[in-house]
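Chain nomenclature is as follows: A, B, C, D and E, assigned in order of appearance, with residue numbering initiated at 1 for each chain independently.
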Amino acid sequence: EDVKIGVSLAFTGPLESMAPHMAAGAELAMKEVTESGKLLGGVTVVPVRGDTTCIDAAAATATAERLITVEGVKGIVGGMCSGETGAQLENVAMPNGMVMISPSATSPALTSKEDNGLFFRTAPSDARQSEVMADIILEKGISSVAVTYTNNDYGKGLADAFEAAYTAKGGKVTINAPHEDGKADYAAEIGALAAAGGDALVVAGYVDQGGSAIIRGALDQGAFSTFVLPDGMVGAKLEENFGSEIDGSFGQLPDSMGDGKAKFAAMADGFDPTGAYSGEAYDAAALIMLAMQAAGTTDANVYKDKVMDVANAPGEPILPGELGKALELLAAGQDIDYQGASSVELIGPGESAGTFREIEMKDGKVDTVGYR
Amino acid sequence: MSGNRTSASQNMGLRYTLVALVLPALFIIEWINGGPNAALGILNMGLISAILALGVNLQWGYAGLFNVGIVGFIALGGLAPVLVAMPPTEGAMSAGGGRIALALLAGIAAIALAIAVNRKAPGKTRIIAVPTVLIAGFAIFRMIFDPGVEAVQAINPSATGFLGGMGLPTLLAWPLGAALAAGAAWAIGKTALGLRSDYLAIATLGIGEIIVAVLKNEEWLSRGVMNVNGIPRPWPVPYEIDIQADAAFIERAAGLGLDPVTASTVLVKLLYTGLFGAVLLALIWLSQRALNSPWGRMMRAIRDNEISAAAMGKDVTRRHLQIFILGSAVCGLAGAMLISLDGQMIPSGYNPLRYTFLIWVMVIVGGSGNNWGSVVGGVLIWYLWIKAEVWGPQIMDLVTASMPPGDLKSHLLDSAAHMRLLVMGLVLILMLRFSPSGLLPER
Amino acid sequence: MDFLNALVALTNYIIIPASTYGAQLALGALGVTLIYGILRFSNFAHGDTMAFGTGLAIIVTWGLQAMGVSLGPLPTAMLALPFAIAGTAVLVLVTDRLVYAHYRRVKAKPVTLVMVSVGVMFVMNAVTRFMIGVDDIKFADGARFVISARGFKEATGLAEPLAFRTTQLLTLVTAAIMVAALFWFLNRTRTGKSMRAFSDNEDLALLSGINPNQVVRVTWIIAAGLAVTAGTLYGLDKSFKAFNYFHLLLPIFAAAILGGLGSPLGAIAGGFIIAFSEVGVTYAWKKVATYMIPGFEAEGLLQLLSTEYKFAVSFVILIAVLLFKPTGLFKGKAV
Amino acid sequence: MSYLDASGMTGGYGGADILHDCTLKVDLGQIAVIVGPNGAGKSTAMKAVFGMLNLREGKVLFDGEDITALSPQDRVRKGMGFVPQVNNVFPTMSVEENLEMGAFIREDDFRETMEQVYDLFPILREKRHQNAGELSGGQRQQVAVGRALMTKPKLLMLDEPTAGVSPIVMDELFDRIIEVARTGISILMVEQNARQALEIADIGYVLVQGANRYTDTGAALLADPDVRRTFLGG
Amino acid sequence: MIRVENLHKHFGGFRAVDGASLEIATGSITGLIGPNGAGKSTLFNVIAGVHKPTSGRVTMDGEDITGLPPHELFHKGLLRTFQIAHEFPTMTVRENLMMVPGGQSGETLWNAWFNRGQIAREEEALRKKADEVLEFLTITHLADEYAGNLSGGQKKLLELGRTMMVEAKIVFLDEVGAGVNRTLLNTIGDAIVRLNKERGYTFCVIEHDMDFIGRLCNPVIVMAEGKVLAEGSPEEVLANEAVIEAYLGTGLKNKIKAEEALESQRHETHGAQPGLGDEAGKGGAA
């Protein structure tokens, strides 16, 4: 028997380069479970991809509608961007009683959204990251920064929260200006940032989008030499694009200590496991299947109550590659504490508590400094 | 000549019959394959698309106005449900609302003054006086405006941070959406309608971008990129979870042999279909009557040859303005409807590819100048846009099925998502190939 | 000294980046304007043609690099350019044969052709992604800088840096050469003149013995050349990302329109005006003002308008120009 | 056989036929004039001869060769020149460039011909650098004829060359046409200034509703009271 | 009726109309002739509001109408035709005519939506009128043809037909005759005379056919190089040395023709009135 799980991500549109690695992560978990043959007595989990475009709420809604009513999926990994995720949740998932676990929608607004207990996310809300980022910067003795953010709810939410936290802690933000992703040229933005000045530039953007272009320009034109890099900026591309040119720059991303990340990386085949939110996507898919097992059914309205249980303590910690074991334990009625690739710990209304990995660029490589 | 015309009209009859058969057939197939929810979901957006296409057809098909700023009018219309139906943000009005209103008034006054100065002031002083008035006006505007905005945006930024709306029924937002778009169209038309063809196109494209930029960056108004969630549904559409909890409903659904989830989701969609269908029918009726009247004849004359129409006593400028406002209002109306269907307003989602060019594709594929053509184009292209998402990867699977496994195959499979655009493009090219003046041409 | 610093800051943050960007837009706009002028429609697939051509150039570059070929301080991609142009020319010619030729034959309205080009855009969009994927690709090699920021500071002792990238120099030089060549071609050569004749009055061109197929072919080949060059230079200077090329299309069209559709000179002027207005109007004058006015300490950034509205600025300028010159600065065509 | 021999032409613009078994012939160095009421199909017949119309029946022989299937631009290379009734200049090209385009297929030096055209229409020399689109109606007409002369065709087809030109220019134009014909070039033209045209015509065709109604020498047609009254304005 | 005072229209540095002053008397059929490029069409365009004059004044019945837009002039009774026909190509010939009259109640949206009865009545009347005009122009068979498909001369007829759809005060005709069959042109000439006599239209006619000018017009104004070169009765003007040199030419064919025409005009004014439905009128359709 087949169980279908939707993978509803933005395969086309501005984040098209991130989506494949995320989808691969989610599908890896499904493959692992299928191969273990232990889910609900040996069902096959079939991923069904759906394209949400990131920016077109109507298209995303239609996609979710198709996944649920046409494909008959029993759970959805997605959406990808916060706005589009809200639309799918409100218009399709809730009315149809479908569980959605987003690996990457990080807008704080989703925290308070009414969801009937159907929505979870394996990425933390941006509200927390901004606090951590402010602390790290101040600890380095940098008291004045310029901020540029990608002009969407993620970037703006992060930048505004950061400005509030940083100013409250005594820092000075010289300018807090957006940049649009995918635009032809960033000379104007760089000019403004340079004029405003500051000891470092906080780039709350995406590494394969405007974020890199801004760093490139700022670097070449000699406007800034130290950059602060939150989650969207930390990826393989960062090393590839800049190498040792940005040595000394630093940042943080939702990520956890422990073996999860490494194990996930070791399992990855044919995609970039360090790609942003790839591990989170693995975890999202894993959580759906584990909750099904715990509830003994694929009915979303039933297993939705089990998601928090399998994700959190008490129970046996589960890392990537151990899904078979977890299914066995659950089948035996035992508790598990899913850790996964991103040290999953769901709090409050079902979002990741968020540990953050602090990184620094050293010799052209992303170097882990510690966790907080 | 006469032979020519009868064969043409027979041809048209055939086309209408075909379309009248094919569209319902697609709907039924969709219903059978995907169930009522999928079919109705596509239909509802199809109806809104049809209305949008009707609005564009009004401007292009009737009057030859090349408006590529549709996205701006749709976005403005989308603002209406926010302003009308969202609850007012507590304290926002007193914190900064007054200031903002005052600032806007000051801004308008400054512009009015500048216009007056431009008219009255003698020759050379004008060159200095007008910019002075404008710059001073802008400075005063910012002085009043900025603190107000800051105060409003400070109120619980992660949830509100904007003025909010008036807490009125969402249905009222529809006419307001039309009115907002019409107002903007008036202002734009007054300045830009002197431009022709592609020049008007790019000017309107720019204006559309500017409107979207404002909605995206003025958080006090629309929450900007932070989006507005939870916009109430229009009367009489209920929320599924509410009726799913309603015992009477569950019973009635059971009576029909339906489970409550399906029953509720279908009911909601049907209600939307009813609302949108009613609006579309009303608009079609008005458009058809207008087109088949001396008014329509005059518009076509203007479209055909402006110079000559002016020499025949038609006030081309005024008529252009009229139809520009009407068409934009229809787009605004559809924009408001769209947002009340989505339940949220995402300003950054208004991108021209989706909300301008796709609409244009609908109009042209349907057949410009023909109202029914626009409706058909709207529904059909929306259908394809949605289906291409499924067909694309399926086709890719087919193509690669016989390939030996390897880098190429996996590379192609990984890119399967892009087949969506390929399929869309091919369908578009093919349709226009066999029907260059649209499925239902003007005549 | 302070005056020099102010000047350097302006050069570094406005003049050099805006000229480069302007040259990139101008090259793109030339292609758009050429197709509009001669084939009489706004080609929405131009951005994706640029993307495709650049993708091809990258693949050839990789090949060349693998073979150990290099151009010294210049990017290897410049060597790849002719191959990429040839490949893209073949693609657009095939497209024309399969798609556009039909609409010319049935004398379809220009707007139909515009919509068809939207279809072609979708297809090319996918083809490009099949070919080279969606990732951000950096393919510039050779020397990065003519003048580097640090080097400049050390050499001059000024507080302000000045950077001038090789790719920027290359862009400006190539753009100048291409533009001059195109002018010469259109106004002086027989083929060029026959293309203008065709653009003016197709039927009469036939009656003068001009071979329409040849005109169309040459037009596409030149357009492909311009598109690939523009796209590759842009990709070298920034980086290659298929998605960005669609967005490049809007300022390109704005430039072509501002200058007057069908006018090569207009395309160039338009490109630079758009670029300079985007960069100039949103520039924060704080630094420059501090240098220029001794003892001045700016409170704010002295920014006329924040960068969110930079696109709006160029469009406002565009509309203002069109109000006085309804067919652009250089009397463009209107179909 | 005539130099140009278009016989039995039947066809139209896709709908009903406009031409019905229409025949036009011109010999070397002859001037043939087509007259007829508006909408008779004169321009259509010219287009048909030039291959701008799909003929259902009939064929066109030129210099003994069947050219029915040739494209217009190939016919130009065979030595046919045509001045259409409307849209007959390149509006955004200068007068001089218009003339150059007329000589597009010529490989030899065409400057001499250009001088001849300027001598014929002095106003064009004056306006050589102005765009043709900015000329007055009559000036444009002169450009159009000039362009066709530049080709040095063996058969020159003119669709109402004198429409809108002033009397002084018209006289010169007719004189020039006679001159051109004397050099051995065949002329086929449509004229509404029919009396002057028939005066210089070797052969005249009266077309009515797409069919030949009268065919005779120019003088004979002029002398025919029926023709005069119904087609030449008395 | 129309008075043009020291009118200038410059294109860049070029003076297309260079200080022309003239008067068109009420009830006259005034001819306007002159070499190609003399500025005749430009003068028309300035009077009719298509071009703004560089300087100078145009008055109509004493009222200043300089620079008024064309549609306002239309409602003042000033109509014009174009030298290069400006039809509405995607509308049928009949529609081309029916759209002309101003103040149709169906031209407001409200009526178009909710007042169909009245519209139907008005349309009926318009249709009848249009058919009369078509009949008069001998192109009834083209009523339902798209105007874009007409032959060159047919378009010219349509141009003229449109001026017949309303009560005009003054009609400017820019080379109605060019490309029109001479038999039909005679009919048109008769129609002009009749409209002039019976409906009191004033005409100003540009034409290069001296036959036509001589038969119809009095006075005749000659323009050259943007200025008025001569003015007077046809006899005077055609005998004027300057006019012959600049315009008529010494080919004399035209001069002879013009004299013949004058001769015939003299006969006609003594003889029978040309009528609408007579022999010549039908000739063109043949």
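Here, a contact is a pair of C-beta atoms (placed from the backbone, for glycine too) under 8 Å apart; a residue touches a chain by one contact, two chains touch by 3 or more.
Please read these numbers as outputs of a predicted model, since none were measured by experiment.
> Steps needed, at minimum, to get from chain A to chain E via touching chains?
When the steps are counted carefully, the minimum from chain A to chain E is 2.
> Taking each chain's centre as the mean of its C-alpha atoms, give the chain farthest from chain E.
Most distant chain from chain E: A.
> Averaging over Cα atoms per chain, report the distance between chain B and chain E in Å.
47
> When the centre of a chain is set as the mean of its C-alpha atoms, what distance in Å lies between chain C and chain D?
46
> So what's the Cα centroid distance for chain B and chain D, whole Å?
The mean C-alpha positions of chain B and chain D differ by 53 Å.
> Rounded to the nearest whole Å, what is the centre-to-centre distance of chain D and chain E, using the mean of the C-alpha atoms as each centre?
Using C-alpha averages as centres, the distance is 28 Å.
> Would you pick out the residues of chain D that each touch at least 2 other chains?
Residue numbers touching two or more other chains: none in chain D.
> Residues of chain B touching 2+ other chains?
Where chain B meets two or more other chains at a single residue, that happens at 1-2, 5, 216-217, 418, 420-421.
> When you check chain E against every other chain, which residues touch at least two of them?
In chain E, 149 touch at least two other chains.
> Using the touch rule from the top, collect the residues of chain D that touch chain C in their complex.
Its residues touching chain C are 50, 52, 71-73, 76-77, 81-82, 84, 87-93, 97, 100-102, 104-105, 147-148, 151.
> Quick check: in the complex, which residue numbers of chain E touch chain D?
So the residues of chain E in touch with chain D come to 11, 33-42, 83-84, 139, 142, 149-154, 156-157, 175, 178-186, 208-211, 246-249, 251, 253-254, 280, 283-286.
> For chain B, which residues are in contact with chain C within the complex?
60, 66, 191-192, 194-199, 201-203, 205-207, 209-210, 213, 216-217, 352-353, 357, 360-361, 364-365, 368, 411-412, 415, 418-422, 424-429, 432-433, 436-437
> Hey, which residues of chain D end up touching chain E in the complex?
13, 35-44, 85-86, 123, 134-139, 141-142, 160, 163-172, 175, 192-196, 208-209, 229-234
> Taking the touch rule as given, give the residues of chain B at its contact with chain A in the complex, in rising order.
33-35, 37-38, 41-42, 45, 157-159, 216-217, 224-227, 229-230, 239-241, 261, 264-265, 268, 338, 341-344, 346, 348-349, 351, 354, 385-386, 389-390, 393, 410, 414, 417-418, 420-421
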